[in-house]
Amino acid sequence: MKRKKKLLTFPSIIVLTVFAILPLIIMLVYSFQSDSGAVGATLENYTNFFLKSVYLKLTYRTIINSLAVTIISLIISYPLAYFMAKKFKGLKNIVMILILIPFFTNQLVRVYSWLIFLQDGGVLNSFLQSVGVVEGSLGILFTQGAVVIGLVHAFFPYMVITIYLALERVDNAVLEASSSLGASKIRTFFQVVLPLSMPGVVTGIMIVFVPCLGTFVEPRILGGVNGTVIGTVIEDQFFEIYGWNFGAAIAFVLFAMVIISMAGLSRIGRRYDNE
Amino acid sequence: MANIKLENLTKRFGENTVVDRVNIEIPNGTLVSILGPSGCGKTTLLRMIAGFETPDEGSIFFDQDSVVNVPANKRNIGMVFQSYALFPHMTVEENVAYGLQQRKLSKEQIDARVMQVIHTVHMEEFRKRKPKQLSGGQQQRVALARALAISPRLLLLDECLSALDKKLRVEMQTELRKILEESKVTTFFVTHDQEEAMTLSDFIVVMNKGIVEQMGTPLEVYEKPKNKFVASFLGKANFFRREDGGNFAVRPEKIHLSAEEQNGARQEGIITFITYSGNITSYTIECKGDAVLCEKQNVQIRENLKKGQNVFLHWDKDSEIELADE
Amino acid sequence: MRKYFADHLIPTLYALIALAFLYTPIIVLMVMGFNESRYNTLPFSFSLKWYSALAQNEVLIHAAVNSFILALITALICVVLATMFVLGMKTLSRSMEGLFRSLIMMPMSIPWLILALSMLLLIRFIDMDKNMFFVVAGHVVISLPYAMLSLQARIQALDPALEEMSASLGASSLNTFRRITMPALAPAIVAGGFLAFMISFDNFAISYFLIPAGTSTLPIEIQSSIKFGFTPEINAISTVIIGVSLLCLAIVGLIMGSSIENMIGGKKK
C-alpha cells in the first residue's frame, strides 16, 4: 500500500522535470551555441554579453530597479503589516481581504491601469493641473520611475502578507514581558518585534526582489524606451531579433542572478530562524 | 519590596463586571495566591496590578504610592506569564539580562547579577541556550530568573505552572517557594489549582465571579471557609442542613466510620463506593438520599469495611463549619 | 486620549492611503470604461459605447474564452496532481519530501520569463511546432505550486488520528479515503483549484512565448492592444474580468468559510 501511495507523488515530479528542469538544461545547452549557424559549442554569447558595456549597464539598471522596488515596498509594507497585526482588531480581516483582491486582477490589466492613469493628459495629470501642482504634461510615464511605481504596486501586497504573518506569530505576551521588564514601546519594537519579524521580512524581500529581476512587461509598457531591462532584452531576442541562443545565454545569466540572490537571502533568513 | 493595597478595584468588559470592588491589603514580603475558577477575574486582577489593563474604578497602591497612572514599564514589577513569553531570539543569559539593560548599569554589574540569578534557578549549564532548546520546566525557571533579576518590588506569576506535568509541577512548587522565601519579594500567584495555592502561599485570596469570597491563611481558608463556594472550592466538603435551619459542612477527613453504633453517631448510611488511592481510602456513603464522602488515611492496611455495609458516621462538634445561609 | 488617537487614527489613515494607492488606478480604469472619451481622458460623460463595442469585438471575446478554457483545464490538472502528491507525500522520506516539494515550488521563485523561453527552446529541441499542449504544460508548471500550497496546508492541519480512527472502525482504505479524507480535503481542493485557475487566467509570460499563431489569450490581446493602439474596450473587458473574479472569490469564500466550520480536524496554530 505504501508503495502505491508513493507512486502518487510521481506525476507531479515528472511534469516538473520534463517541463521545467529539462527545458532549463536545454536552455543552458543552447546558450553555448552560436546564433550564426556555426556548429559546435562556443562562448561567444557570454563574451558578447559580458564584454559589451551596454549589457552590463542593463544588468546594473535591472538590479537597481529591483532594489528600489524592494526597498520602497518594504517601507510601505512594514508599517501596514505592523498595524494589521498589532493595532487593528476587526479591521484586520477587511484590510487583509482588500489587500488580496488586487491579486486577482490580471497583471496586464494592472499595468494598463497605470498606463492610462499616468499618461499625459490622463486623470492624474488633469487632477494635478487643476490643483496647480503641475503645469502641462506630467512626465512620469515612460520613465524608470513609472516602472518602479508599477512594480511596487504589483508586489508590495506580497510583502505585507509575509511580514504580517511573521508578526502575527509573535506572542503578545512577549511584548508585555518586555514592557514589564522596563522597556519603552520604542525599545520593545527595536529589540523584540523587529528581530522576531525578520523571517517575514526576508521572505518578503525574496518574493519581491527576485521576480523583479525577471520582469519585462511593466518595464516595456510603462517605461517605453527608458524601460529597457534584462527581461525586455531577452524578450527582444525571441520575438524581434530571433537570436535565440544569445537570448538563452542572457536568460541563463538572469537565472544565475536569481539563484545567487535566493541563496544569499536564504542564508540570511536562516540566521533569524527562531522556531 | 512593597506592601500592596487594592481599593475598590473594578473592571468591566462591556456588560460584564469582571472584577468587582476588590479590596485587599498585602503585607510586604508575603506570597499571596489568587485562587478561583476560570473566568473569576483573577487574571484580569493581576493584569491591572501589572499595568496591562486599566481599572474602571478604584486604586492600586504600592507602598502608599498610587500606581494607576503609572505605565506598566515603570512599575518595577516582575512578571512570569503562563506561556513564559521568553524572547525566542535571545539566549537564556540575554533574556535574563534584558530587564537590567533597561536600567543604566555597567556591563560588569549586569553580568554579575545575571550569573547570580541564573545560579539561583539552577540554570547555569544552559545559559547559552535559546528557549527552543529548553524543556517547559527549564523555560519556566528562566522566566522566573528574568523577572527576579531586576529586583522588582512585586512579583506576579500568572498560572505559570499549569503547562507542566504533575510531577514536575509539584517539584517546581517547592522550589518556587524556596526561591521566593529567600528573595523575600512580595508575590502574587494566580492559579485555579487549590492544592498549589495551599502549598505555596502565606495567604490565599479566593475569588469567584469578580468578587473576593474570602482571604486568609491556607489554614483559615480551609478550616473556616465562609461560604459554600469557598468550602467546596478548597478541598472537598460534605454539606448538611440542621433540622432547626442553618447549614454546616464537614470535611471528609474529619468523619470517622464504624460498623457498630457508638455513642454520638451523627448519621447512618450504606457504603456505595470505595476508592483506594495509596495513602487514603475514600468511602462514599449514602445517607438519607445524599452522598457523603469520607476520607481515611491508611495507617493500617487491614480493610474491614466493605461496599454495601451499613456504617455509622461520627465527627467532632468542632469539625462542623458554620456556613452563611445561601 | 492622545494615545488612543495614535493607536487608532494613524494606523487607519495609513491603511487608507495604502489602499488608495492600490485601488486608485484600477478604479480609474473601471470608471473610464464608462466614459465617452476614446483616450481615457477627462472630462467624464457617461457612455456604454465601449461595452457595446466589446460585445461585438470577437477577437477580444474569443481570447477571453480561450483564457477561460485554458485556465479551467490547467486548474483541473493542477488539482489532480497536487491532491495525488499530497496524499502520497507522507510515505516519502523526510529528505525526499523536502526535495520534491522544493522542485514543485520552484516555479514560484523563478521568473516566468525564464521558464517560458526555456520551454520554447524545448519545443525547438524536439523539433516540434508551438502547440496548445505545451501552453497547457507551461501553465500547469507555474500554477501547480499554488494548488500545492493550499492542499499542503490543509493536509498538515488534518488530524491523522481521523484516518486511524476510521481504520480501527473497520473501514477499508478506499472507504476511508472516500468518506473521511476527501471531504476533509475538499475545501483545500476548491481553494487550490481556484488559485491555479486565477494564476493561469492572468498569466502573460508563458502564453506569450508559447502560444501558437492564430490563437490568443486575454492578457496577450490586452498587450497587443497596448502596443498597437487601444480603446477603452480594454477597460470594459477588464472591468468585466474584475467583477467576475470578485464574484468567484466571494463564492469560494463562502464555500470555504462554511466548510471549515463543518469540518472536524485541523489544529490551529
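For clarity, chains are labelled A, B and C in written order, and residue numbers in each chain start from 1.
The rule we apply is simple: contacts are C-beta pairs under 8 Å (C-beta built on N, C-alpha and C of every residue); 3 or more make two chains touch, one makes a residue touch a chain.
It should be emphasised that the depicted structure is a prediction, and the values quoted were computed from it without experimental measurement.
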Minimal step count in the chain contact network, chain B to chain C: 2
Taking each chain's C-alpha mean as its centre, the one farthest from chain A: B
Inter-chain centre distance, chain A versus chain B - centres from mean C-alpha coordinates, in Å: 55
Chain centre separation in whole Å, for chain C relative to chain A (CA means): 18
Residues of chain B that touch chain A when the two form their complex: 50-52, 72-79, 81-83, 85-89, 98-99, 102-103, 130, 132, 146-147, 150, 156
For the chain A and chain C complex, residues of the former touching the latter: 1-2, 5-9, 11-13, 15-24, 26-27, 30, 76, 79-80, 83-84, 87-88, 91, 95, 98-99, 101-117, 119, 121-123, 126, 153, 157, 169, 206-207, 210-211, 213-217, 221, 231, 234-235, 238, 244, 247-248, 251, 254-255, 258, 262
Complex interface listing, chain C residues touching chain A: 7-8, 11-12, 14-15, 18-19, 21-26, 28-29, 32, 39-42, 81-82, 84-85, 87-92, 100, 103-104, 106-115, 117-122, 124-125, 134, 137-138, 140-141, 144, 148, 173, 198, 201-205, 209, 218-219, 222-223, 226, 230, 234-235, 238, 241-242, 245-246, 249, 269
Chain A to chain B touching residues, read off their complex: 171, 173-174, 176-184, 187, 191-192, 195-196, 272, 274-275
